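Naming follows writing order (A, B and C), and every chain is counted from residue 1.
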Amino acid sequence: MIELRNITKRFANVLANDSVSFKVAPGTIHAIVGENGAGKSTAMRIAYGFYTADSGEILINGEVREIRTPHDAIALGIGMVHQHFMLVEPMTVAENIVLGAEPGSAVSLDLRKAGEEIRRVSDEFKLSVNPTATIESLSVGQQQRVELLKALYRHAQLLILDEPTAVLTPQEVEEFFAILRSMREQGKTIVIITHKLSEVLAISDNVTVMRDGKVVGDLKTSETNAADLARLMVGREVLLRVEKPAAKPADVVLSLKGLSILGRDGSKRVDNVSFEVRAGEIVGIAGVEGNGQTELIEALAGLIPASYITGTISFVGRDITQTDARKRKELGIAHVPEDRHRRGLLLDFSLAENTILGGHYRRPAVQANGVLLDQKGIQQRTDQVIRDFDVRPPNAALPARALSGGNQQKLIIGREFELPPKLLLVSQPTRGVDIGAIEFIHRKIVALRDSGCAVLLVSAELEEVTALSDRLLVIHKGKIAGEVDPTVTGNEEIGLMMTGGKH
Amino acid sequence: MIKKCPVCERTYSDESISFCLADGALLSAPEKTDAAPTAVLPSSLRPTEQSKQPALTPTMTSLTPPEPVLPVGADKPPRLPRTNPLVNLGREILFPLIAVIAAFIVGGVVILIIGDSPIQTYKLLIGSAFSWPDGIGYTLFNATPLIFTGLAVAVAFRCGLLNIGAEGQLYVAAFAAAWVGFKFGAQDPGNNVITPFFHLPAIVLVPLCCIAAIAAGAIWGGIPGLLKAKFGSHEVINTIMLNFIAVALLSYFTQYHYKVPGDPIMQTTPISPSADLTHLGKFIPGLPARIPLNLAFLLAILACVLVYVFLWKTKWGYEMRATGANPSAAEYGGVSIRKQIILAMAISGGLAGMVGINEVLGYRHRYYDGFSANYGFVGIAVALLGRNHPVGVFLAAILFAILLRGGIFVDAFTMHVSKDIVDMLQGIVIVFVAAEAMFRGPLKQFGLFKKAKI
Amino acid sequence: MRQILTFSLLFSTIRLSTPLVLAAIGGLYSERSGVINIALEGLLLAGAFTAASVTYYAHSPWVGLGWAIVAGAAVAAIIAVACIRFKADQVVTGTGINILFIGLPAVLSGALFLSSGSTPQIPKENLLPDLAHLLPFLPSWRILTDVSIISVLALVVVFVTRYVLYHTPFGLRLRAVGENPEAADAAGVAVNRMRYVGVIMSGALAGIGGAYLSIGQSSLFTRNMAAGRGFIALAALIFGKWRPVQTMLACLLFGLADALTIQMQGVAKLPSGEDIPVQFIQMIPYVVTIIVLAGFIGQSRAPKALGTPYQKER
């Protein structure tokens, strides 16, 4: 169906694909696995015309084809569902599906005819969605169906799915796989990009393993097993088994009572949540993304205006519900934000200037006069963070943009850990971070806990929260669905709680 | 090198695996310990620390948690980009320079089309500024308001805001300076339009007028800041609207309240002589007093220095720049974005307002309706061309002042070209500076400005 | 008050709104595609100057109008290349174009007509006609004699735009590109091509608006004759929430304020018997805009990708 031959692609200073070659047989489900940054998505985005390769060629049904834009790919029967959905939110389902392949003439858009076609396709593959609903009114799962319909509407024979299960709960994943199998029965070819080995084994016929931009294995799924695959890709789940001594919880540091948070649209994002975090323990929050975790952490860090919040937040016995972000930091609340590019860093500022963010108004960043910046103090502080947290390259004058994801994250963690904090709020600590940095960051978090800090951890990776947490709270639709001991309760059961299935 | 799992006794040959893939137990430490790699790998892909980390001891078998040993300085740091300040400076200056040259080339084509010699026109346009004392004196005088508006736009820009309202701010400020000037100081005998409240001496009145100008500009600039901070309405539209409102409002006050009756010109009554700002001719031998270059020019240089210190050497400037670079991150760092927006717009307005000092106290000695030669808008070009840096702003302001001065001579001594060529060139410069990526491509082809690899 | 609320107020509102509507609808095409068009002022001036100059030589308003459209589109193409191809800051580029068209027409008219910034008078028979002129067999009602053909055209443009935006593939793509260019790209829409079309359309329409200023409403080009109408059009576009009909209504509101300014001069009295200073009436649209922006518009949504160039890693 499709074959990649010697595809090479370089971004600025990273070799994302290094002579990548593999073949996908028609009518199969083909998995591409590899850890973050292995080059899976890049290869498939090249196949879809989103990027152009520096060298190499793509064959469709045995013929060399030039795919320069998604338009070319669509014409060749290729459809792609991206990890971040490519949907225009204020427009309707039908409008999104027909966009770029509109029925009717150039002067008249026939949405009714489109509606019929959409209904036909959605019946065929059992993907029911209301064509007249706007995208923003749909759930994530439904939006994913719209993406599938978009490709099927264009008569895609080859469907590329980039991490399709990332936004789904374990139960939804089962349904989704059923849909994929029925598509295969109808003769479609499916390429699924993932880093989860269990999914590869459950759904695929063949599997290509990538590492560091290269193909390191091409196997039949039936002839392989998780251990082999993991060895090939350097098993991510395995690495997540963090070794840590038992927690010694001490006094209550953070206490929430009946905390509710409203979104900007007035809806309740966090609903009547109460829990405590003690010094010397890591409390994890598990949940499908978008169930209130972001708002909860931001509210605790003081980044959501008090007018959107009801209930009380106490920190070491003191009510801080009305306290602003700066004061909270002074009290000893550190925060590693979920999105380091949006929240955590000033990408065009130097490492030194990033190191003082949040502490820029007091010593050692300012001189005794309280106004002028203290360049020497800033330099010392930065050098200390760079040294203690192994930030590379160790040059305080570089812009933060020049660092890799892992090193950027280490810089943020270093900045926050050296406050030193009494409470650490940490969200997605290892997202988009290379393996070496993941291990390092996990060790640092555990070490901080052992030094007597309270830690509240949010992560979309279930393996990460279960591995790091001493206690685990499951959040669903802004409510705490239950508390479990991650060493006792299995991931299946936690997954069920994440969907609101069980209390 | 073979690693072995202590629990299930599986063996692994892959060096990068440190855990057993079957049961997750830590593999026993490799026998080889001195294998520190000497080659430097791309740091973003695979930190070298990994293969050197001592394997952690499983908790089940040991009570003491392992101390993570950091591989500090063990291997060579990656190659660092060159940070030669001279190269950086050259890079900063090069693109504005190219933009200016390109604008002059386009302008030259227009001049050619309308039937004049571009070379002769440009000779007049630029050369006229360098004669002593008139050329230099007037050029520096013309540069004064542009330095102020350029700084105004630059400060707002650094906070991520586009202040298109410097024009309105400087009008309001000029009027405020004039109002204080004729209301708080003794008038010439014979002027009976105004009855001053006080007869303040120059030593008090001049600073008071300056403060009035800065404060009025700050307020007029602060309004769109406040509107943005409170209601989220875009500062670009609001500053444009406030420009129109300022013009209408001041024309009303001038026409109905402070004009000398019978005066056909839309201007207020003169300010008190005690409010006059001294011309620099008084201090500089050879510079005649008729040239209006005045103390406000020194104030402009001072403003450049202060803006530099404020933005790069104080915590306040840090907060403002952080807000401009990434408001979400600034907020995370405990900076109140709303406060920064209001503050930046007020400072910007105050700087724009200082034009009023030059214009009213140093030159016309009254408020003159419509005095500004688009200073507020040209300030955008000045700031852009000057890379939103005080030094750059100063240089760009001088360049535009040269053009303004030269325009008069172009008008007089060419057949067809009028002084409007200056507006035209300014417009083209702005477009070229904004689209500087246009020049980056061709330059890259010559191998210049290769990005330093990290 | 009676004297004010007359038919002549209505007609003067229509006249004054016409260039606003054309410029604002032009801006709509650009902004819906994701490109801020703050250069409407400059585009109006480009159209106005071209129309007056060409009509002066060609003795035909239609030739003048045609070239005004070409000029508007050409200048818009420059903006498009700068902002789309070279990813220049859209507001800054627009400001540059605005300053350029204060200077350029003046330079050219100085050379062509030896005047300081204005073109010569154009005889009345060479101006853009009103309806009654174009269709002489119709009765001479004021609705026909006082309304320019361009005003009718503006009305047609509004409704055509509404149809195009919501009922054609082009409109769907234009909206998608301004809202989420990545999604549009993934769906096979050529994002930057749509944006070029959007920006150039805005130039063409603003060019017509400019032509109306110089050879419809008046009979010559004068320096800076747009006098802020481009900015008002932009405000109307935002006021009208980037929708064609609402935008037109906003333009009519601003046109009405303008018409009142003219009609009330020396007519409207304060209770004390003094004239209401004309400056205060002048200010109304600007103050209204600020209030509107702070109030209701806070809820409305600009095209999400407005102002951000589409950059895909290649």
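We take it that contacts are C-beta pairs under 8 Å (C-beta built on N, C-alpha and C of every residue); 3 or more make two chains touch, one makes a residue touch a chain.
Bear in mind the structure is a predicted one, so any value in this text is a computation, not a measurement.
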Per-chain CA centroid nearest to the all-protein CA mean: B
Comparison of B-C and A-C (more C-beta pairs in contact): B-C
Chain separated most widely from chain C, comparing mean CA positions: A
Centre-of-Cα separation between chain B and chain A, whole angstrom: 37
Centre distance in Å when chain A and chain C are each reduced to the mean of their C-alpha atoms: 45
Chain B and chain C, separation of their C-alpha mean positions in angstrom: 31
Residue list for chain B, restricted to those that touch at least two other chains: none
Junction residues of chain A, two or more chains touched: none
Chain C residues counted as touching two or more neighbouring chains: none
Residue ranges of chain C in contact with chain B within the complex: 38, 78, 81-83, 85-89, 91-93, 95-104, 106-108, 110-112, 116-117, 228, 231, 234-235, 238, 277, 279-280, 282-283, 286-287, 289-290, 293-295, 297-298
Residues of chain A that touch chain B when the two form their complex: 12-15, 37, 212, 226-227, 230-231, 234-235, 238-239, 241, 243-245, 301, 303, 324-326, 329, 335, 337, 342-349, 353, 356-358, 360-361, 365-366, 370-373, 387-388, 390, 392-395, 397-398, 402, 404-407, 434-437, 439-440, 443, 447, 450
Chain C - residues contacting chain A, complex: 167-173, 175-176, 179-180, 182-190, 301, 304, 312-314
Residue numbers on chain B that touch chain A, as the complex places them: 12, 14, 16-22, 24, 26, 42-47, 49-50, 53, 56-59, 63, 65-66, 68, 70-72, 77-78, 80-81, 83, 313-316, 318-319, 321-322, 325-326, 328-336, 451, 453-454
For the chain B and chain C complex, residues of the former touching the latter: 110, 114-115, 162, 164, 227, 230-234, 236-238, 240-242, 244-245, 248-249, 251-252, 255-256, 374, 377-378, 380-381, 384, 416-418, 420-431, 433-438
